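To start, the structure under review is shown below, and the notes come after it.
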Amino acid sequence: MTGLAVDLVFQLMQMTLVILIAPLLTGLVRAVKARLTRRRGPPLLQPYRDLARLVRKEAVVADSASWLFRTTPYVVLAATWVAAALIPTFATGLLFSWSADLIAIVALLGSARFFLALAGLDVGTSFGGLGASREAMFASLAEPAMIVIVFSLALIAGSTQLSTVAAAMTSGVGLRVTLGMALIALVIVAIAENGRIPVDNPATHLELTMVHEAMILEYSGRHLAVIELASMLKLTLYVSLIVCVFVPWGIAIADAGVGDRLAGAAFYVAKLGVAGVLLGVFETSIAKMRVFRVPDFLGAALMLGFLGALLLFVSRTLK
Amino acid sequence: MTGLSFDVSHLLAGGLVLVSFMLLYQTRLFALLNVFALQAVILALSVAWQAYVQDAIHLYVTAAIAFAFKAVIIPVALHRIISRLGIHRDVENVVGIGPTMLAGLALVALSIVVMLRVVSEADALAREDLAFALSVVLLGMLMMVVRRNAVSMVVGFMSLENGLILAAAGAKGMPLVVEISVAFSVLVAFTVIGVFLFRISERFETVDARALEQFQGDRL
Amino acid sequence: MSGLPLDGLAAILVLPAATAALLAFMPGYRVSAAINVASSLLTFLASLSFLFVKPASGDYFLVDDLNIVFVVLNTFVAFTASVFSASYIGHELETGRLTSIHLRFYHAMYQALTFAMNLALVANNIGLMWVAIEMATLTTVAMVGVYRTQAAIEAAWKYFVLGSVGIALALFGTILVYMAARPVLGEGVGGMVWTTLLGRVAEFDPALLNLAFVFLMLGYGTKVGLAPLHAWLPDAHAEGPTPISAVLSGLLLNVALYAVLRFKLLLDANARAIAPGPLMATLGLVSLIFAAFMLYRRRDIKRLFAFSSIEHMGIIVFAFGMGGPLANFAGLLHMTMHSLTKSAIFFTVGHIAQAKGTQQIADIRGLTVSHPALGWSLVLGVLAIAGAPPLGIFTSEFLVVSSTFARAPWLALLLVFGLLVAFGALILRLQGMAFGEPSPGDRQTTASTLPIAAHFGLVLLAGLYLPPPLVAWFQHVATMLK
Amino acid sequence: MNLLQALLACDAALLALSVVAVSVARRSGASAFVYGATLALSAALLAAAAAALIGRAGPARLTLPIGLPWVGANFRLDALSAFFAVVVNLGGAAASLYALGYGRHEREPARVLPFFPAFLAGMNVVLIADDAYVFLVAWEFMSLASWALVMAHHRDSGVARAGFVYLVMASFGTLALLLAFGLLAGAGGGYGFDAMRAAPPAAGVAALALALALVGAGSKAGLAPLHVWLPLAHPAAPSHVSALMSGVMTKVAVYAFIRIAFDLVGRPDWRWSAPILALGAATALIGVLHALMQTDLKRVLAYSTIENVGLIFVAVGLALAFKASGLPGAAALAMTAALFHALNHALFKSLLFFGAGAVLTATGERRMGRLGGLLNRMPATGFFVLTGCAAIAALPPLNGFVSEWLMLQAILLGPQFPQWTLKLLTPAVGAAVALTAALAAACFVRAFGIPFLGRPRSDEAAKAREVDRFSLAAMGALAALCLLAGVFPGVVIDTLKPVAVAVTGAAMPLQAEIPWLSIAPIAESRSSYNGLLVFLFIVASGAMAASVIHRFASDALRRAPAWDCGFPDSSPATQYTAESFSQPIRRVFGGYVFRGRERLDMPAPGETRPAVHQLVLRDPVWDGFYTPLGEIVGAIATRLNRLQFLTIRQYLSVVFAALVALLLILAAWP
């Protein structure tokens, strides 16, 4: 019972950690990009301030909006957060980790996107529809790519259970070409899913280039805050997913001592920092592509993932 | 059966086939009718001969019917129809005479070939007779097919029937020959009456069989 | 002539003959119609007596399990058709398509036809059978032409010429059979008695038998309406009075089919002769597929169903051609069901033609709206004839197809192909006639719907439940047919 | 009286009801009576079937002295039949309940009432038939009844064509099944299923029979390329019938295939599964892509039915392959996935068709281009439809996700195949399934967003009213079931256990033993999912976030005109439409799948005519196969038709030719 209690505590810790650290990660990326473009840029903690400000404002809702428009932000946040909670950030074998596996995580993010797209259509403006339809197109390619990546990971680790996967990775499966493919594919998917350059530009409000921003154009006040928080959380989620699968070193294996877990947490934060810097560098070093180039971009991810899965299907069988 | 009787019946049967050929190359309706009358006479003779050979009385009846009906009544009737209706007097062929004759020859050959396969017949007579009868039948049908006028079609039908009677008569002791010949005379009568009907009811100015198909049911 | 003391056999022959003679001198069509019905009913009852006491067969007449099926079916449909015609034909008088003198002729001919068909069915002497079938042909010719319109006379003429040629061919075949029999059976009547022939046929000359069968198949096949000998059938159906169309499809075709079957049995019994099965199966299949395609371009509703008769005759002949207990059973069942269904359909069509005042399919629309009863019975009938369960024809088609596929897959595939093509055509026309905006013309009809109901009732029953005695009977006949 | 007898009695009652309905159909209150009766009877059937499924009684047999004389009418109730009977009558009961309200708006009840019970009876009898004859009679009867229901609105444009195509395809399928049974029965005519089980055919014959069964059942289920009738016929029928046809009748077809493939043809061969897998995947993709392009709400749903049928066949094919490769456990998993998805699809597809029917009643519109903003006008309907859309888009924690998750788990067992073909085929199929799922999500964002969200695009939509209580009750019940099946999947899986055992000879591990109601297909370390926890997490965290914000920060709210980046346009015409929403996806896939062409007719300056932007989508299946087929038949018919108009002389020559030909044959005979 105490074990259970401890697990519960750590699970809650992990959930709070990700949601607390998410804005910081975004802030870090922004800061890095500002530095690289010779701007001073906003301070690291600016995202927290933005959120706080937005939350305090009154929310303005379009006349034509329905109840769906107002509930969507919370649904999106909840789905993303639950997905994030399932990812072993600093310790595997978390309490809830077996309540859903990688496929479920993908599906949870999918439901978040589903409702966001609906919200985009709800007000009945051209931009909302534009964002929703483009998002749907991206997703229709990104999701299958994600699934085939899951295939490869599952076949390597012999499980779709993320904790098991991470554990298997730490136990050292060695370097494999399929892993490389999966990594590249996963990065591409992550970029697309989070609406980063070159797929989308989180900073723009230039009509023709908006995708994610266009969907949430009508949001304001606390609703906007919740959605922003959710997207920050999503970024963190993907980063920690990549981290825990491909650089799992230092992660605390299940039933590890408290010390290990704290160490794991430290490791984790460090990894996030590195990843954030890398992302910033990447984004500044590349230009945004046309909307109808994106399918090719994602198609590449799909192909890579599929290739990897195919190799594994013919090369090995599950225990 | 003696050789003589064999030869006679053979001769008559052969004559029947010959006349069928003559029917095929007639170009005038009247001539056609005369030739047909001739065929009917020969048929009557051969049936009578069969009656004598098999001394089967009922065959005499058949012969009589054949003579009276086909050699006299029908030709006369058709003569009158033609003159009454003022049908133009020459036979319209679909196929030229030459090809028709060739086809006829082929048919005769075919019927002989088919009959030659018959092995068990004790006396060759019936077999030969059958071969001739079959060729008469086929020639009659050929005539119905290659001629346009209703009259020549009727004639063709009747010569076909002559072949049947020949076969029936040739079949020793076949019952119902008389009945059958009567039944057939009825058929023929219907045909002729049919031709009359169309004239009387003033529906067709000509008995050209084409006129009978002016109305085409559900043509598109 | 075995016992002409009044047994059922005598009854089914004498009754119609006598009535025909009577009706020929009977003025006033109502009375004659009534007599017509009564006599048909009595004939039917008399034929039922066969089921209990089978008359002894002689040189001229034969009553065995095979033709009892045909006789009973024939007399029954003749009866229902007479009921329908009694209620229908008056309308023709009103509309002036017929005069009372024609009606007298019509009724007399009706009975004469019944007589001829019964005679053909019970004849044991192949010559007698031939005479009877010729007579049936002539009577129907007369009835097809009874309207004396140009179209009717053309149809009658076409029917007459083609029919006579068929008759002639059949006669030649009959003579050949005798010739084949003579060396074995000696001269005299014996050579034409079917039962005697069947006894010794094994010793006959095969070549003559083959030749004979070719002529008989073509001769009687013309009557059955097998493609390519079918040309007379659609016109005769379309231009004659509707009750006659029903009789033609429901009865006359069966009679001719019966003749073919008898001679098939003869050939089957001679090992050295060519097997008749393949020839029949081929002709049947050709008729089926040909008729199926012809259905698509029909404009006249009665012609449509005439072609569907050709199609079904094709199926039946195919089944008998395939042989084997299952296929023969299916063939018998299919023949029965087709007679009932098709005649019922023609009754319905008669009503429709009266109601809409036309036979053109294009002018018949939305029947289920304007005349619900008629429309839905048309739907039922077409579905039945198209082989939809739970109606009888589905059962027989089920048996034919499934039994064939196990033996000759390719034939079965062709069969199924034909069925499907025909199905498509029938449904296409049906939807046009039964659904959509109704076309003008909503006269109420005089004729009675009783026969339709009776027939469909039987067909539906057969689809759900076949009484064991009937099944046993059919199975026995099926084994008899090889 | 055992359960089988009970089922038969209810079916008989349904038939009797349809006969009664003929006579009373025109009276007022007839529809209430008929649908009430069907509701009661379906409920009874449902109870009996469920009892049979849960009671796990051995197969019950019954023979009636009707049908084929020497075979009789055989009936058999085993786990498989029971499960599908549950599915069918669940849908039937829901449809009846819905129709209690919806049926009132029927223009010509006399064309619907008699056939509705007959349709239900037909489907039920197919499931318990135990010989080929009864099976086919019931099968075709089901088709005919549904055809009559499709023709109910025979005056509307396009209905006649739909009915024609439907009936011809149905009869094609029946004939294919007939041939299959003919093969299995053999020349002896052993039409009883027991006889077929007793004498399994040789491998080649079995393969042929299976192919025929695939064609026959597939044409009814909507398997590409035999699916063309489905999007025509399903929308044409009244909505509660569409729900039955889409949600339930396709399942009957699936049943037929499983029955033949796993029960009657004997030992399976892995080669058979490859085409099934390929066809299933192709069907799923084609279906969902077409669904994305449709602008008629009910056609969207019909095409998505094709997609789901494809998914089910993928799972069935996997089960067949695993069984043939001697992996019963995996086979059980795949089969469970298939059955689970069949159940789910029955639930949410019926729900969605009910929703479409409600929209139709409220606005008289099916075209999405004329709808919009309905969520404000019909909140309850909107909510239920939203649930259905989320479920069919496979979003956790709803039921659609669970079955697709099981499917993916089964695919992940692909490496165990000994055959290279399957090793290579499985991941491809998996990718196709994933792609389908993603596209389905997009499709239902569109299918819900365009009609229910945004601003009304027509007055009808603006004036829509919420529908009656019965309809709402039916939709609500189905929505609740979607949620329950998603939250407690373990229960469903355990209920399916006897079916899986009967069909594949093995079963998934008992889920009830796994703590906290989570499910694990093979082992918990491999993969597990807990719908309940996910559901609770989402609710809890969402509620927490909301309450915290409302408590400690502002909860002030102001209504204002839409901002729309500073250029708000009052006209609803400026909204994204169904077409424009799917335009990006069309540009990605459309080229291959639809040969889509966009024609822009831009008037020169000064011209007064409006600019026209036209979109032309074609269906390659129609263009490539069905249209030519129809043309060929027509051409042959026209050719042959000339033979009808020859002269007597020409007819005589035909007869003459036939005679001479036969004589020649005789002459040439050896």
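In order of appearance the chains are A, B, C and D, and numbering begins at 1 in each one.
Just so it is clear, a contact is a pair of C-beta atoms (placed from the backbone, for glycine too) under 8 Å apart; a residue touches a chain by one contact, two chains touch by 3 or more.
Quick caveat, the model's predicted, so the values are computed rather than measured.
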{"item": "Inter-chain pair with the most contacting C-beta pairs", "value": "A-D"}
{"item": "Inter-chain centre distance, subunit A versus subunit B - centres from mean C-alpha coordinates, in Å", "value": "100"}
{"item": "Averaged-CA centre spacing for the pair subunit D and subunit A, given as whole angstrom", "value": "35"}
{"item": "Distance between the centres, which are taken as Cα means, of subunit D and subunit C, whole angstrom", "value": "44"}
{"item": "Approximate Å spacing (C-alpha centroids) for the pair subunit B, subunit D", "value": "69"}
{"item": "Sequence positions of subunit D contacting 2 or more other chains", "value": "641, 644, 648, 652, 659, 663, 666, 669"}
{"item": "Contacts with 2+ other chains: residues of subunit A", "value": "none"}
{"item": "Multi-chain contact residues (two or more partners), subunit B", "value": "114, 117, 141, 144, 153, 212-213, 217-218, 220"}
{"item": "Touching pairs among all chains present in the structure", "value": "A-D, B-C, B-D, C-D"}
{"item": "Complex interface listing, subunit D residues touching subunit B", "value": "641, 644-645, 647-649, 652-653, 656, 659-660, 663-664, 666-667, 669"}
{"item": "In the complex, subunit C residues that touch subunit D", "value": "157-158, 161-162, 165-166, 169, 207, 210-211, 214-215, 217-218, 222, 228-229, 231-232, 234, 274, 279, 290, 293-297, 324, 326, 368, 383, 386, 388-390, 394-395, 398-399, 401-407, 412-413, 416, 419-421, 423-425, 427-428, 431-432, 435-437, 463-466, 468, 471"}
{"item": "Subunit D partner contacts - residues on subunit A that touch it in the complex", "value": "55-64, 66-68, 70, 74-75, 77-79, 81-82, 85, 96, 98-101, 103-104, 107-108, 110-111, 113-114, 117-118, 121-130, 132-134, 136-137, 139-144, 147-148, 151, 154-155, 158-161, 164, 205, 207, 217-218, 221-222, 225-226, 291-292, 295, 302, 306, 309-310, 312-314, 316-318"}
{"item": "Footprint of subunit D on subunit B - complex, ascending", "value": "94, 107, 110-111, 113-114, 117, 138, 141-142, 144-145, 147-148, 153, 209-210, 212-213, 216-220"}
{"item": "Contact footprint of subunit A on subunit D as seen in their complex", "value": "372-373, 375-376, 379, 382, 386, 390, 393-396, 401, 405, 408-409, 411-416, 420, 423-424, 426-428, 430-431, 434-435, 437-439, 441-442, 445-446, 448-450, 453-455, 516, 518, 524-530, 533-534, 537-539, 541-543, 545-546, 549, 553-565, 568-569, 572, 574-576, 580-585, 587-588"}
